[in-house]
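Before anything else, here is the set of structures, which you'll find just below.
You will see two complexes here that share subunit A, one where it goes with subunit B and one where it goes with subunit C.
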Partner chain A sequence: MTTTRRNLFKFAGGGAAGALLTPAPWRLITDTALWSENWPGIPRPARGEIRARFTHCTLCPAGCAVRARCVNGQPVSLAGVKPHPISNGALCPWGIAGHHLPYHPERLRKGPVQEATAAVARAISQRGAGECVAVLDLRPGRTASLTYRRAMASIENGIYLAPRQPAYAVDLAAARTVVSFGAPLFDGWGTPGNVFAARDHFRLIQVEPVETRTGALSDVWLPIRPGTEAAIASALAGDMTIAEAARATGVEEEAIGAVKEAADRGSTVVVASDPGSPLMSLNAKLGALKHTVVARRESPVPDAWKKAAPVTEIAAAADGAIRVLLIDESLPGGYVPWREIEPKLAANAVVAVFTSTSQGYARRAQYVLPAPVYPEVAEDVGPAIDTVAAVFRVAAPLVAPLVPVVNPAGFVAQIAGLPPGDPLRERADAIHQTGRGTLLSYADGKSTPVKEVAADDFWKTLNQGGCWMDDAGKKSAPSGFGWPVTWPTRHDDLPLAVVAAEFNRGGLASPLMSKLERESNLRMAANHVVLSPADAHASGIENGSPCLLETACGRMNAAATIDPGVPAGVVEVAGGPRMAELCGANPRARVVRA
Partner chain B sequence: MTNQTQRAARSGMSIDIDKCTGCGACMVACAVENNIPPAPETANDRKGITWIRVYKVDNHLAYPERRTAFVPVLCQQCGHDTPCAHVCPQQAVDVDPATGIVGQMPERCLGCRYCMVACPYHARYFNWWDPKWPAGMERTLNPDVAPRMRGVVEKCNFCHGRWHAAQQKAAAAGKREIDAADYVPACVEACPTGALRFGDLNDSTTEVAQEAQRPESFRLLEKLGTEPKIHYRSRRDWVREIASAPRPEGKDWLRG
Partner chain C sequence: MIGGKIAFASGMLVALACGWLAFPRILYQTRPQPVDFSHKVHADKAGAKCEDCHSFRDDGTYAGIPTLDKCSGCHAAAMGTTAAEKSFIDQYVTPNREPQWLSYARQPENVYFSHVSHVKLGRLTCEQCHGGEGSTGGLRPYQLDPISGYSRDIWGRPVNRTGLRTEGGMKMDDCVNCHRRQGLEYSCLGCHK
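And then the complex of A and B:
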């Protein structure tokens, strides 16, 4: 056989074609895929010693107990603590991804600390007669809040401002019927684990114009016309006939009658989306006080702290009187719209905000100072609305601050010249000295009477995973629940009632929240509005088209969705600080084509 | 061999739709556990990766008769004629005979997406982008799960990393079978209402097996005969009826 050029080509071609029928090329492709898995751009999770650490979530007043799985001390996942009697092992999605916050790309990483310190000190010393120094605390009830109050008491004309806080607690475990006026009971109202633990024992009647997450799982949903909650409340109180209430709300008489019957059976509690709403006074009429609505009990404080400035609502401050305003926005909490703050400021006021984001008050203040985020700093968590017994819970830090941060309470204490110290430790010692209550340790699930625990061990357990719970004392009735009440005036100047169908706490959230928003549309994004087909048609708005939400206070660009599940005359939005700025006390709006 | 077959577990889940508030804790816990990165700004509900996705569904009536429910949908772990396993040209999908869990091997995956087409539950997701986390956030990755590369398909595997960890624990204790309490997927652990339960469907003493037998229990697209191991239940008739729909339908914006 002679080797010719032609035969060589035939052999090569035949070999190549035959190779395709062997596993070799497929194996090559597989190996290529294996190689691509190790591309340098793909991060490799760190390995190391794995152990559990405990803390408390500070992202809302619920203060759920948290078990962090840590690799070499770095938290890689968070979960609830099962034996906890209040949080019952539950965490909300924000809490589950809370350990991502220090790395959030939009986190504030630097600020003019020296300049702010000098400017605040200068303004305090140069302020005129009648001008005051104020701290606005968006999360009252913490030990840091007491530091602010002590600091303001030590400064002449110092005032402590805070959003209105409920002076009561709701005992869901004692309730058999819950009448909720738009309260997001299953979506951020109280402590998730506590609410769900009590859920099987009460009947939920949700009164709201659109069916929210809570309404979807309620036993009865009363789809009232927006702004007619007072009619239902008056009917339940017996001040209005059921027929009149039915006419006012658009709900059938039978439905209102059944609700009244259930509410009159006893063990009823009324809750509202705004804890300070006059609707809460219905509890007095239904006999809920001292039973399902009780006076809030406070954790003990050191005697030296008794001299503290009282809590003042922003509306009570004199116009143009605040020369220095320090805003603690480090934790998401009650939001006070800027239009309520601005008139209270002096012409040459110095405003500094402690925050972790450039949103919110950072857009208004002269000095924006970076604050630590959860879980970077030791902090305690104030009581939640559904926490009946007094508790003391320390959120021990899980990581060191990643950027240079300013501790807001430390800053204010320094400005006021308070003696240095560790307020959390002082308060823990004060609690321990009372000998009251029990100490729950999360690592072993043991409850120990405080009397049997040494002071150092008490403090150590609080920091390593534990909480103090006061004894179940005698229930007492809270004050401020008079009936009849004066209902706020309704404004119908704009055609649509704004209804917040989505809970939004504001502040930083883990980048993984994209899973719930744009990756799945499970939760409504902040720039979305939902309209009924009739209202959309009247405004010439098509599904998915851009639009403008106009209120008495401003306007917002949004994307519109048309949904027959929304009643005519209502625009559904995601709640939160932005909506508070836009709507305030008058949740009315107009939606027009952009 | 016979004994092994008899001992084989059939891991499954029971989901009480009447308890699901649609909070999304399961979705976030899943992403944390399985190192699923946040999607880029351009992502939408078709390109995002959510091994478990909670759909908001409704009864298609207008206000005020409209009623909504939340349905968590994850890989249904088909127990018979698993469609994705059949079509995979790379054998990147397999069904573990010991647990019944349908596994996905991203190292073998070519990204052809036949499995996504074959899956009747839309429970498989394609990596459109390189896995990227914000700077520093890589430190929070779970060391038990390798991030997947761009161009491969991934899906729920009942937190295989946790299963391995439970096996190691059992082996260290000299046991052959894992303790049920040691192996719970992240979504089940995270559910604040207890709507999700996990266990062995072959063990009649487990809650999940008992709940699967209840009259209000149903499975998605049961008529296809794929024998899904995710059992849903609801007392609401209209919720049970959606099980025969090709995909839970909701508001238009649910579809991006």
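And then the complex of A and C:
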């Protein structure tokens, strides 16, 4: 056989045909496809030992139990804890993504710690007669809050400031009818898992001018005219006829009558978007006290902690008296508008804020100190509004702080000269000594009476996945529910009711978490307002035109959007601290052409 | 004319030989395991069962290949005089250094596989997926496909698995076929989270 050009082609052709009958080409096609899955830039999940760790979410007072799937010690996904009797295995969308928070691009990464320490110490020593040192705690009810109160008690003229907290608990499991005045029951009010567990046993009547997500899921939605909640409350209390209430609210008489009938049947509870609203006093008229609205016992504290400063609302502080103000904004909490704080400050006041963001109070403070965020630090979580028994839940850290942080409670304790120690451990020991309640362990779902647990095991379980729950005890009525009540003054010159387009978890506001929510283009921008066509026409405002939003507290330039979905008498705005400052607690507004 | 046929047949034979004999040898890179470990010795002499070392934790997660702590429980000091035992003690136990085992059955990054649901709920035996590994006298070398980055065991030992045969490996087809046979649900998100 001679080597010719033709034979070479035939050899190559035979080779190609033969190759098709081997695994090589087919395997290379598959391997190449798999290889392309591993190109640089494609995210690669962590590898390593997989463990489950337990903690509690501190992003809101619900304090849901969390099971973290960790790879090499790094949390990669969060889920609820099924046997938990309060959170019932549920987590809200924030809770599920909470382990991402330390890596937020807008997180505060450094601060003038030394300078702040020196300035605060200097201001405390140099303050004049009558000038005071204050701590503003946005999340009262924690062990850290008790540290602040102890610290302020040990400093002359020290005051502990906190937003108003409900001095009661709502027992949803005992309710057959829930009358909600704008409370976002299915959108973060209380403990989500607890609300949904009780949902099958109560009828929800949602009273609010716009159809929120809770309104859409309620059994009855009463679409009242904005600002006429008091008329419905008066009708339910029997202080106003149903016909009068129907005229005032624009809701049909039959609907109000049916609600009154349901409310009068018993086992009713009234809840409001603001837990301190006078609307809550309707519970006294409906016989809810001691049944569905109850007083909650405090978790035990060490005897040495009994000397603590009382809780003071910012309005009770004297004007111009605060020489040093330390604000703990490390956790999302009730935002106190700056316009309420500013008059209380002395002319040369030193303001330091512990925070994880440069927004919020950081815009007002001289010293902005980086605080740890969930889940970087051991904290405890106070009870939520729907937690009937006292609880003690430790949020064990899942990651070490990613940036140098200052522990706010440690800073304040050091300034006040409190003896060093581990307040969480001390409180756990105090709870253990009482022998009250049970210890629930998440890994095995076992509930053990505290009397049968050794102190060290009690502490270990609290840190490794467990919570203490007080004995149910006898229900008692909370105080402060008088009827009749004084309704807030109406501003007739401000015809529109302000409704936040995004629910901010019952007043909880964190710029970081707002940013997380607003990364979607579907979210409303902070400088936008939305009006009904009728209100826009009455004010001469066109879609997209600039306008001014005026409230009792100030004004803001905005762009107007006209939306037929917004009822007349309502202006829809974005949520967040800035809007809380502008709109206040009972928001009314006027929108005019710019 | 005959010369042309011979040339064609020769080309075909060369390609077949390369594809069936040389290609598998070229495709896989062979890496030794760090320790000369014998499942058989542990099963026969120590009476160990699979779950004694490859255990589930209290929280339900699967421990996988045991860590050095587990080994040190028995091998704190040398057990016997073999060279493999001495090497293990000197190189790993004494300096408390974790052996870098090469896992034959490591699934790709985009797969979530739960041992607990297959073993505890599905009642699968170890051998159904891992074959006779638990009774071997020594660990065979780990074979890596450098193009895909997968172990040879994932693809299946025979190199001629072209998708027509769906047995003997730990590919998606194998999982799906087993679920089909058992009448169980299978969906993309069941494994690809």
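The working rule: the second predicted complex is superposed on the first by the 492 of 594 C-alpha atoms of A that agree within 3 Å, B and C clash if a C-alpha of one lies under 4 Å from a C-alpha of the other, contacts with A are read in each partner's own complex, and residues count from 1 in each chain.
Methods note: contacts are C-beta pairs under 8 Å (C-beta built on N, C-alpha and C of every residue); 3 or more make two chains touch, one makes a residue touch a chain.
Quick caveat, the model's predicted, so the values are computed rather than measured.
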After superposition on the shared chain, which partner residues are touched by A:71: those of subunit B (first), subunit C (second), both, or neither? first
What is the contact status of A:90 with respect to subunit B (first) and subunit C (second): first, second, both, or neither? first
Partner chain(s) touched by A:104 [first = subunit B, second = subunit C, both, neither]: first
Report for A:364: first if it touches subunit B alone, second if subunit C alone, otherwise both or neither. neither
May I ask you to decide whether A:564 touches subunit B, subunit C, both, or neither, giving the answer as first, second, both or neither? first
Touch check for A:223: first (subunit B), second (subunit C), both, or neither? first
Quick one: is A:45 in contact with subunit B, with subunit C, with both, or with neither? Answer first, second, both or neither. both
Identify which of subunit B and subunit C touches the larger number of residues of subunit A. B
Figure out whether A:79 sits in contact with subunit B (first) or subunit C (second), or with both, or with neither. first
Could you tell me which stretches of subunit A are touched by subunit B in one complex and by subunit C in the other? 30, 34, 37, 45, 50
State the interface residues of subunit A toward subunit B in the complex, per the touch definition above. 29-30, 33-34, 36-37, 39, 41-43, 45-48, 50, 71, 74-80, 90-93, 96-97, 99-100, 102-105, 186-187, 192-193, 196, 199, 210-211, 213-214, 216-217, 223, 402, 510-516, 518-523, 528, 530, 532, 543-544, 561-567
The residues of subunit A that touch subunit C in their complex are 1-2, 4, 6-8, 10-19, 21-24, 26-28, 30-32, 34-35, 37-38, 44-45, 49-52, 443-444
Can you tell me which positions in subunit C touch subunit A when the two form their complex? 2-16, 18-20, 23, 27, 57-62, 64, 67, 108-110, 145, 147-150, 159-163
Of all residues in subunit B, those that touch subunit A in their complex: 18-19, 21-25, 27-29, 31-33, 35-36, 38-39, 43-45, 47-50, 53-56, 58, 61-64, 66-70, 90, 106-110, 130-149, 151-152, 186, 189-190, 192-194, 251-254, 256
